[in-house]
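This report concerns only the one structure given below.
A, B, C and D label the chains in the order they appear, each numbered from 1.
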Amino acid sequence: MSLLADLLSTLFDRRYVFMGKRDERPLTELCNALMSSQGDVSGAAIAHEILDGYATTDTEGKRAFFEFLNSEMDIDPDQLENVVSSYKTERTEANYRKLVEAAEPKRQELARRLNQVPGATHQLVHMRKDLLGFMKDKPNLARTDVDFRHLFNSWFNRGFLVLRPISWDSPAQILEKIIAYEAVHAIDSWDDLRRRLQPEDRRCFAFFHPSLPDEPLIFVEVALTKGVPSSIQGVLAEERDIVPVDEVDTAVFYSISNCQSGLAGVSFGNSLIKQVVQDLSRELSQLKTFVTLSPLPTFCKWAKEQEIDIPQDDAALKELAAYYLLEGKRRGDMPYDPVARFHLYNGALVHDVHVGADTSENGKKQSAGVMVNYLYDLQKISQNHEVFANKKEIVASKRVQALAKAGVVPASSQPKSDVA
Amino acid sequence: MSLLADLLSTLFDRRYVFMGKRDERPLTELCNALMSSQGDVSGAAIAHEILDGYATTDTEGKRAFFEFLNSEMDIDPDQLENVVSSYKTERTEANYRKLVEAAEPKRQELARRLNQVPGATHQLVHMRKDLLGFMKDKPNLARTDVDFRHLFNSWFNRGFLVLRPISWDSPAQILEKIIAYEAVHAIDSWDDLRRRLQPEDRRCFAFFHPSLPDEPLIFVEVALTKGVPSSIQGVLAEERDIVPVDEVDTAVFYSISNCQSGLAGVSFGNSLIKQVVQDLSRELSQLKTFVTLSPLPTFCKWAKEQEIDIPQDDAALKELAAYYLLEGKRRGDMPYDPVARFHLYNGALVHDVHVGADTSENGKKQSAGVMVNYLYDLQKISQNHEVFANKKEIVASKRVQALAKAGVVPASSQPKSDVA
Amino acid sequence: MSLLADLLSTLFDRRYVFMGKRDERPLTELCNALMSSQGDVSGAAIAHEILDGYATTDTEGKRAFFEFLNSEMDIDPDQLENVVSSYKTERTEANYRKLVEAAEPKRQELARRLNQVPGATHQLVHMRKDLLGFMKDKPNLARTDVDFRHLFNSWFNRGFLVLRPISWDSPAQILEKIIAYEAVHAIDSWDDLRRRLQPEDRRCFAFFHPSLPDEPLIFVEVALTKGVPSSIQGVLAEERDIVPVDEVDTAVFYSISNCQSGLAGVSFGNSLIKQVVQDLSRELSQLKTFVTLSPLPTFCKWAKEQEIDIPQDDAALKELAAYYLLEGKRRGDMPYDPVARFHLYNGALVHDVHVGADTSENGKKQSAGVMVNYLYDLQKISQNHEVFANKKEIVASKRVQALAKAGVVPASSQPKSDVA
Amino acid sequence: MSLLADLLSTLFDRRYVFMGKRDERPLTELCNALMSSQGDVSGAAIAHEILDGYATTDTEGKRAFFEFLNSEMDIDPDQLENVVSSYKTERTEANYRKLVEAAEPKRQELARRLNQVPGATHQLVHMRKDLLGFMKDKPNLARTDVDFRHLFNSWFNRGFLVLRPISWDSPAQILEKIIAYEAVHAIDSWDDLRRRLQPEDRRCFAFFHPSLPDEPLIFVEVALTKGVPSSIQGVLAEERDIVPVDEVDTAVFYSISNCQSGLAGVSFGNSLIKQVVQDLSRELSQLKTFVTLSPLPTFCKWAKEQEIDIPQDDAALKELAAYYLLEGKRRGDMPYDPVARFHLYNGALVHDVHVGADTSENGKKQSAGVMVNYLYDLQKISQNHEVFANKKEIVASKRVQALAKAGVVPASSQPKSDVA
């Protein structure tokens, strides 16, 4: 990855050469100036001022900036109504051009013009992170967020992302971000990180965008094993036997973390695992099985809602967990469990369930110590996905199906509330 | 550059792993399927089919494909009218979301979904090249082109472009494209190319996009000289004295070529020269003057329209050329000369005029052998640009002003027609 | 490869920063000064002067320089005799140190001190090229050459060489050297080069040394084919069908060229083919056969010495060529053919013989149009090599053995002269 | 640096492909076999066996291996005597060749043949590290060490080393070695390392050899400051103000560490600082002063030998330290202080002395808390070096000279013993 960083650092090295005095106008005025500027000569200077000004203004200034984008740089529905009407009458290029122009809020073009400054993409991602915060108090700002997300979906299109391995040979600058962003099983030191990257039976992959070469967007940690592991403790143990790479037969995705909260809702996560499955298959033909080792983050919450006590008995716990995965539902007949929703939508199937698999405090509190393997079978993910997406049917192994059947749940145990 | 190619080759190496039988449905049906697919599982496969199908279909099939995009994947003005009306009444997020969705033609989302396939960006650029061809006969396809251009302006935003030097150390794969794309002073062999790249007083720079790592988008050739040269023959002479780089004081941009006709109208050219000026200034502080050595491609055409004979006398020819540059106008009071329009809009000024400066057949036929230096002074380009963009005023050196004044042109010599 | 060039260019970028006036002393005096300098402070400056001085002196000056190295920087046998005697008496470290010092001619240390200057390695290789030229008239200079070769064998040790693919993506700077150095089947244009590098069934590999990143040391051109080809015309045809890489089963080494005459006698060639066989095997498991397609460069010469007319009949010609390969001998019972000596010593076996296989002027003049396949079987090369190196036995396929047996040669046909 | 590692990893990727059964002969027998092998076919296999065998044998086996090298692979003085005598009589190439051959111990050629195996260079460096250990008990092994050092001086010649910046963007694999090898001011955590690498006023540079791309050979840590700092505490403080790089005027070399104990006595350290001075001068023209901030590691030892009590008074301590640096001598009239010897021999001068400059336990114990700045003035280092190397004269600033003069030391204070 450092290669990419190195090369594309030109994107950042293209430092703005300032020639003149600072432009002291308020942000909103600068935005209007940028929108009316022609060409990139003065535009780049103004864009730079805006980004600098935004970065250094206080919370109130930022909120005001978004209010300005939301109200002053919105679509003008009256104007749009007029051009739509013309277009209805006559579908000419000129009318279409006017329509397209009127149908795009100015804030989109503003963002594109800001982006000409080196490093701006990352700043715009940060900006949206702020916006998401402000939306809690000012839900009407969601209109502006619609446009940010639309723009980011275009810029961070799957076709522009680069999958890169993360290893102990990666730059420290990237690695410290892996430590910071790991959201599932915290990395508590550089030694811990080394244990997850350096051994020949460990891998890590991340998506990068060429304009943020030092910032992973999402990453997945992989253990290569003999057989499917039944607990995260075994995978992460400090003292464990490293499996020679020619003896492994299984790749276990035991942690997947999003890195940029400013990119929330921009979907690239569902490509990651499948891409990694393909790459690993090609590199190591001995790999036959690709599974996750995943938590059930809302299992205990669901049980409480169902007024079911978590069984003390392992066998019964396993059955209940299987039942939860296959039968626990929320709004729209979707699986109650968010991790299940993610992997099933991706085309994985429910492969196995393990109790006592995550004895961490969090693991016990949320998942009652249970973990689940979702299986990625490249031959079947397309079909699994269709069945799930269209019919809400969950594909599961026979073993899990049998467990779920045995998981007796009182008739009253119907979902009482929706959970996002 | 080969570094970039090397690294980002991952973008292309991510080969689509085909798993199943070809999808034989017609292109239009596949497009509808892609629009209704969810997630990237089946989507990528369909996108791949569409791109492959497009590439192998005949001219008629391609035209039909664009007609389909133009009519079937257009904005629905009735629906848009409805949602605009709702949004006027109540500016909620939900209404806004509906509005934004209705206001974007489906073909935009289609292009984004196609782009998830490795290498798709280049294929989409080719697609638009075809589209521009079909538009000559079917001008109504211009609506679809509006959307392609809109998308490409977002994807090829200045912030995503990388400036890379092109040298004799660059991959042959890139260099053969430089030979092919050179549009101003043809490169007639690899030896000719070597003469333009290898000597220490020669440079070349190109913009690249990370998703097309082997394809320069636009490039400029630069000669480093002592003093401003007065002819292209001197610059390109096979037998010439190489100027030691510590003796140069001037950088001459003697050729600038666009490479991708599918990106016509996507503006990044005006950043290139200014970026190169900045980079060269930083590398070689001895450089004091940055000028072009440019043709006057429509000089003879203009003279003919004005019913002026090209003067046989050098002095008079020089004066007429200066007059043409400063006073020869077309629609909208813009300079008649397209190269002048480009550089003046960029913030350059008319610095000097040379006769007998391009004795090539083409140079004599179009420019009467005259060439012009446009001067880039980083301190003044912003101001020059504003004056030109807002008031149509052309900034020129005193020498050129004096020449133009002396350029006696009969009163009848007013533009008679517009030239694009 | 450009990556390597790029990175290691630091070796060359470390430009000598000159601080003071040129040192005008004669080369010999500077050499003495360099030998008595301590540390690298003044040493680097003097080394630089010597290399510059050598490069710009005339032939006479160069010859004088080598005479100086040969006589003045020789081993002093009297001194050596003394220290050997001491060491015989007492094998202490001190005595050993004196012995080692006296046993190494000063010119070796001189070369090491010269090499501290950036780019010096390549200059020293050039120096030896000159030396080899002077040796023709002054054979006594061979003593100095013994030391150059000794030093280069240490510096260009197999362990320091890097095998890199050469492709159409390689820097033009490297590629023009491939054109220049191709010694077997001349490359007549960049188009010809492209045909040998770009198709998916063509490969090229070269050894590089990190200190000469832009200079291939030796390279081999490879054709991937279905079956073993029987003529070079077929391999190099302009209009030929490219074999999809998943259909190939054979790798044909059809040209191998040394690039640096200053490294003559430094053996790294015999590693190249075996390394490439290993690399290709790993990349393309479908490859089952690794053969050369080689000329018989002294076949006609041998026939003439044997007073045998080249047969007009193809069958007889084939038999004679097989006989020549297996039975034609020179000094020390070694094969008469130099290319045979190279490949057999390498552990290859004589696999097949083809007539009308090289219809070029040179091919007909030297080899009577015949070509031979030497087969590299990694499982057997060690054994083949031992048999050949120790017993002078030539391993050949049954087919070639049979042909050779049939190749009737008059009893008088014994080698009359030695050929180097 | 990761670039280098990446690229040259080919050196290591060239994995030995083993084809057959392990060779169980003892190391000494394998060595003899390697010496009599011809070509690289069997040679590489045997070399591999030897390196593997050595790595896995026990201490006794290793000692026996070196004894074998020392006695059995030594120069044969009888044979050498004979060929010297022949060479005295007749200085022919043949006689010279015999002489050179007899004058080189077999163990040198053995090492070169071992080095053909990928990764062997590093293993040979480790081997010498072991040898240096055994020499403590078996001083006669020093003869073998003479040859190792001779070989390494040729292989690690300044011309083959690459200077690379070490930064927070370097691979963790390199950085953990920086932590491990720092020998002057210990790096106690990754956070500490980040503080020394990431701020814009901090730099680090290392020499690498292309065959050990992941192993720094020697590195120097640099602080960019305004003015010359007077204490290491200030330089390394966790909470300190970062100096914007355009305000710095001084580069301070505050730590220099050798990394490979197997390369002891192979001199490249004295090039490092001067190379870094050149590189930094070119990058940051605002830098005017290049100094070290160095300990006086034998100051307290010297004082004790002189029976001088360390003064409690700062002024007197400063004078005594200055006196020690300029007048404290050991064997051969050389400075008593080893760090002084290193920098003075390098051409630096004694610039200033600071008390209370290193309050660490070690700093107080060895240096009485005193530190010294050695100044590198590129214009004068050559001259300083000559004066020091030839006349043992120490160049010092007037201030330090005055301090030293004031440093009254009793007449009895003459060196009583030598210290290596």
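By our rule, contacts are C-beta pairs under 8 Å (C-beta built on N, C-alpha and C of every residue); 3 or more make two chains touch, one makes a residue touch a chain.
On a predicted model such as this, the values are computed, not experimentally measured, just so you know.
Novice: Please find the path from chain A to chain C through touching chains that uses the fewest steps, and give that number.
Specialist: The least step count works out to 2.
Novice: Using the touch definition from the top, how many steps at minimum link chain B to chain D?
Specialist: Between chain B and chain D, the shortest chain-hopping route counts 2.
Novice: Would you mind pulling out the distance in Å between where the CA atoms of chain A average out and where those of chain B do?
Specialist: Going by mean C-alpha positions, chain A sits 36 Å from chain B.
Novice: Give, as an integer number of Å, the spacing between the C-alpha centres of chain D and chain A.
Specialist: Here the centre of chain D sits 48 Å away from the centre of chain A.
Novice: What parts of chain B, by residue number, touch at least two of the other chains?
Specialist: 3 - these are the residues of chain B that touch more than one other chain.
Novice: Which bits of chain B are touching chain A when the two form their complex?
Specialist: Residue list for chain B touching chain A: 3-4, 7-8, 10-11, 14, 17, 19-20, 38-42, 45, 74-75, 77-78, 80-81, 84-85, 87-88, 91-93, 96-97, 99-100, 103-104, 112, 115-118, 120-121, 139-140, 142-143, 146-147, 150-151, 153-155, 157-160, 162-164, 210-211, 270-271, 274-275, 278, 345-347, 378-379, 381-382, 385-386, 389.
Novice: Mind listing the chain A positions that touch chain D in their complex?
Specialist: 2-3, 5-6, 168-173, 175-176, 190, 193-194, 197
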